[in-house]
Each structure stands twice: as C-alpha cells, then as structure tokens.
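Each chain carries a letter (A, B and C) given by its place in the written order, and its residues are counted from 1.
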Amino acid sequence: MSKNESQHRRHLLLGITGSVAAIKVNELVRNFNSHNIDTIVIPTERAKHFINFEDSWCSHGSITQIKTPCYFEDNDEWSSWKTRGDPVLHIILRDWADIFLIAPLDANTLAKMTIGLCDNLLTNIVRAWDLKKRKPLIIAPAMNTAMFEHPLTRQHLDILTNNFGYIEIPCIEKTLMCGQTGIGAMASVETIIEQTLKTIQQMSNDEL
Amino acid sequence: MSKNESQHRRHLLLGITGSVAAIKVNELVRNFNSHNIDTIVIPTERAKHFINFEDSWCSHGSITQIKTPCYFEDNDEWSSWKTRGDPVLHIILRDWADIFLIAPLDANTLAKMTIGLCDNLLTNIVRAWDLKKRKPLIIAPAMNTAMFEHPLTRQHLDILTNNFGYIEIPCIEKTLMCGQTGIGAMASVETIIEQTLKTIQQMSNDEL
Amino acid sequence: MSKNESQHRRHLLLGITGSVAAIKVNELVRNFNSHNIDTIVIPTERAKHFINFEDSWCSHGSITQIKTPCYFEDNDEWSSWKTRGDPVLHIILRDWADIFLIAPLDANTLAKMTIGLCDNLLTNIVRAWDLKKRKPLIIAPAMNTAMFEHPLTRQHLDILTNNFGYIEIPCIEKTLMCGQTGIGAMASVETIIEQTLKTIQQMSNDEL
C-alpha cells in the first residue's frame, strides 16, 4: 500500500447492538475494507450474543498501535485505565475515527442515545462524539414491527436526527426474525455501504 | 376441564418489579387461576429478591408447550435463542398473552417504560407490546412516599396512560415497609383482581 | 466532643460517580470532617474503579449504629434486607442525612437523575430524596469537554436545578485527564467545600 493510498483510507467505528441483524458485521467490515475504509468494531454485550468475529481479526485491539479490523469491548475501557493520566479508551477511539456508524441500532440503545445514558463503551463514544467537528454519526435502526411502530421510536429518531444531526438509514419492510412481516428491519448491507460512501464523499468535498 | 371452559380461559402476563409488594405474587396468581385466568410471571432480577415461587410452578417454562403457572427470567431470553430463525422469547410471550399486568411497578421500571429502555425480558415485552391491537396493559405502581411525590412520577404515569393507553391502578395511602405512612403503596390484591376482571369483561364485550 | 458540639455536627451523604475526579473523595471527606461534618460515602460501581478508601474508614457501615466516615455500596442495600419489615437502606441513609452532595456527577448518572432511573443505591437515594423537606441536594458535574458541550448536558442540568431545586456547582475549564483543555472539569475541592458550607449556613439560618 503506497503512502498516498494510506492517506486516503478512512477510519470508521462500527457500533453493533443487540439485534439479530448484528450477524451482518463481517459482511459490513469486508465491504468497507474493499472501499479503503479501516474499521474498528464496538459491540455491546448484547450484540456479542449474535456475532462470531473472524479469526483473522485482532481482538481487544491495542490502543497504542491500532491494527484493523479489530474490536474493543466494554471491559477494555476499564482494563486500559489504571491511573491518572492513562489514556481513556472512548476518547482514543473517538479521536481515531472519521465517521461512526451504528448498525444495527436496537430500541434499547436508541433510547439510551436519546436520553444521554452512557453506561458502556459504545454509548460513551456517542456521548463524547464531538458535534461541533461535524464528523458524521450514522444510525441504522433495527427492531420488530411493534417496537418500531411504538410512538417512542419516531420521537427518538427525530431527536437524534433533528437535534443532534445524526444521519438515519431508514428501516425497511420485510419478514423479520420473529416471523412477522412488517417495517422495522435494518436496511440492506448495500444501502448501508452506499450511504456511508456518500457521506464520506461529502466529507471529502467539505475538506476541499 | 371441558373444551368450552378452556376456550374461555384468558392468558395473563404478570410482570413483577423490585418493590416489596412483589411478595403478593402467589396470592395474585392463585386469584387469577380461580377466575379462569392462566398466568405467566415475568420477574425482573430485582423482583426475584422479594419472591419465593411456589414449588408446584414450572420454572423456566417451555416456550414450545406452555404450562401455567410458570415464570420466565431474563436469562431465558438468551438461552432460548441460538441461531437465526429461533423463536424470540419476548415475542412468543407477547403473542401468547391477552393482557399484561405489571404489579408492582417500581419507580425504576416506570422510568424505563416512559423513555423506552428495554434491557430485560419484562421491558422488552413492554416495548414490543402491540398498541394497535388494543390488548390491555395495566400498571399498579408501588414506591415509597417521597419517590411517589417526586414530580417525575406523575409525569411518567401521565405519559404511560395518556400517550400509550396503559391503564393505571392508582397507589394507595398506608404505612409502607419503610415505616412511613403516606401515599405510594400498591393497590390491594382485591382492587387489582377487580380491575383486571373488569378490563377482561370490557375486552369480551368489544369482541362481540 | 461535648454534647453541644455533637448537636452541631451535620450529616452529609457524598455520592461519587464514574469520573476520574472521584480520586478526590478522601480530600473531600477530611475537609468536611474538619468543618464538623460527618460523611457517609455512596460510590457507584464505576466510581469504585477510581478510588481507594482510607484504611481507617468503616467499610459497609452498620445501619443500626452508624460510625463515620464510612461507605455503603449497592450490594449493601440488598444484603441488609431479608424480610418484610427490615430496614430499607436508601431510606435509612436519606433520613440520616442533612444534605446530599454528588461530586463528581458523571454524564451517565446525570441522565439517570434527569429521567428518574434508580437502579443503584445512589440513584435510589436521589429518587427518594424528599423535595418537600427542602434538604439541599448539591451536584458537581464532571465530564470531558465534548460530553459537556453536547446539548443534552445543559438540558439535564436545567431540569435538575429548575424543576427539582438541586444546587449546581458549575464545571470549570482546565486540562482534563483525556488530555484536552476545555470546559467540563469538576470544580475545585475548595469551591465544593465553600459551596457546601454556604448551603449549610443557609439551612441554619432557615432553622432559626
């Protein structure tokens, strides 16, 4: 990889929450890699129930010398901090990233982000995301149809997009894991990749 | 039990949260049973501190062949799901139920329901409760007097009843476990049974 | 200590949450002691990552005969309650206290207090704090600059001060643990002591 190529590789944090759609994480990461995007995955504890990371990945990536793809878990935040002056993981990761994508975003983490709860690594990065720097934060919600149609869902998504400036990749209609057909499924991998690349292109234009 | 009687037995989910009033669970279940209502109990982790389920109950009921009374815990949700296509416990239970009663509803779960947090089995069923199907969701709050008189309590109860259509069984005044006399105690078992039967009668009328 | 002096010693609960500023707990307690203020410390689980209590302290203080300084943890609430009629720890501590100071108050507990979540000992005392008795509740927020500048922070602090009557000791600007210079640091120990003494003086005047 030439220095020039390296300079153009973008850094993406991929937050994964507790929806069945979490199984698409490897497909997402491979796609991003082929588009010159380096990915660090941040799963919640619930998300880990759904995913098997590929063996080739670095687990618990080093925060002093980041190699991608890798992932960091909640425990890494506390094990990496021993004393005053030690690096704070959610700040290191936030500063490393050009863009933050949360896909799938489940109903529980959606509520946490709306009210500002930050009790794990993923939501600490969200709460510390620097809105003034205009780095994009993209969300791809996923939940069952009744959850999606609950009036809270639209309220929460409106706050995240209108008040905080996050970009929403809308849910789609399909036969969900729970067997019901309806709205609430995560957008396709293709749509998510496309929206992310479009957002990065926009960033590049803004930087000119 | 004749087929006719079986057809008229109603299915009730009984959510139990972390208030001392949780000790009334067995009395509630016996009463419901005598009124032709089958009950599945959904305790939060905190609620389990207060209750001793009767030996005759099925623990960790089977989701393929439900026998009541039984109870399901948070861990059951994750142990019952192994791979794509497996049943999702909070959806199975929601679909099984005709009515959902949460008694006692403590201040913490009240807040979770108001903001849409769903981090355990009980609150996942709440978040996925199908408001369009008009299945009743009844709440019987219970907390100490100062908690009850905090301005948040009325705000939360108003959102649950006015915005989401839940039915509130109001707190009563009595000498609470903490030794103080005041408002905040859960309504009596008699009142809760009476309100539940009244709600079921209303459902039956609507079905005619 | 004469009986008269004893009567004038004030009782302070010191809530500690998961910010690096938690390391100042011993300095705060020593200062309060020298100003005739007895302190019980209530750390969250996250706060315990940052603090080393002095050996001379009582750990897991007895709730029947309180000796200060001491601290109580989340587990103490559940281990002290065995059966109907047993004392409820968060009520005992609330009634013992003349004043409640939370320093540092991190972004996560700030959100919990705003929405009324009460899932640990500290937030149960907050939720049960008797606003009608006008006992002061003082908060000293601490978080990194981007977290502080997130629009939710000011919204939350306004609700706590305007709606609930809590007293805010504003964040200050300095070079934070994460290496950035900016607003968000906890006020100095001197400022916190000064504000607490001023509030106690005001209480004494009101009692005349």
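The working rule: a contact is a pair of C-beta atoms (placed from the backbone, for glycine too) under 8 Å apart; a residue touches a chain by one contact, two chains touch by 3 or more.
It should be emphasised that the depicted structure is a prediction, and the values quoted were computed from it without experimental measurement.
Q: Once you've mapped the touching chain pairs, tell me: line, ring, star, complete or other?
A: If you draw each chain as a dot and join those that touch, every dot ends up joined to every other.
Q: Same or different for subunit B and subunit C, where same means more than half of the interface numbers show up on both copies?
A: The interface of subunit B with subunit C is built from mostly unshared positions.
Q: When the C-alpha atoms of subunit A and subunit B are each averaged to a single point, how far apart are the two points in Å?
A: Centre separation, subunit A to subunit B: 34 Å.
Q: Counting only Cα atoms for the centres, state how far subunit B is from subunit C in Å.
A: Roughly 34 Å, centre to centre.
Q: Two or more other chains in contact with one residue: find those residues in subunit C.
A: Touching at least two other chains: 115, 117.
Q: Name, in rising order, each residue of subunit B that touches subunit A in their complex.
A: Spelled out, the residues of subunit B in touch with subunit A are 78, 81, 84-85, 87-88, 91, 94, 115-119, 127-132, 163-164.
Q: Provide the residue numbers of subunit B that touch subunit C in the complex, in ascending order.
A: My answer: residues 20, 23, 49, 107-108, 110-112, 114-115, 117, 144, 146-147, 149-153, 156, 177-180.
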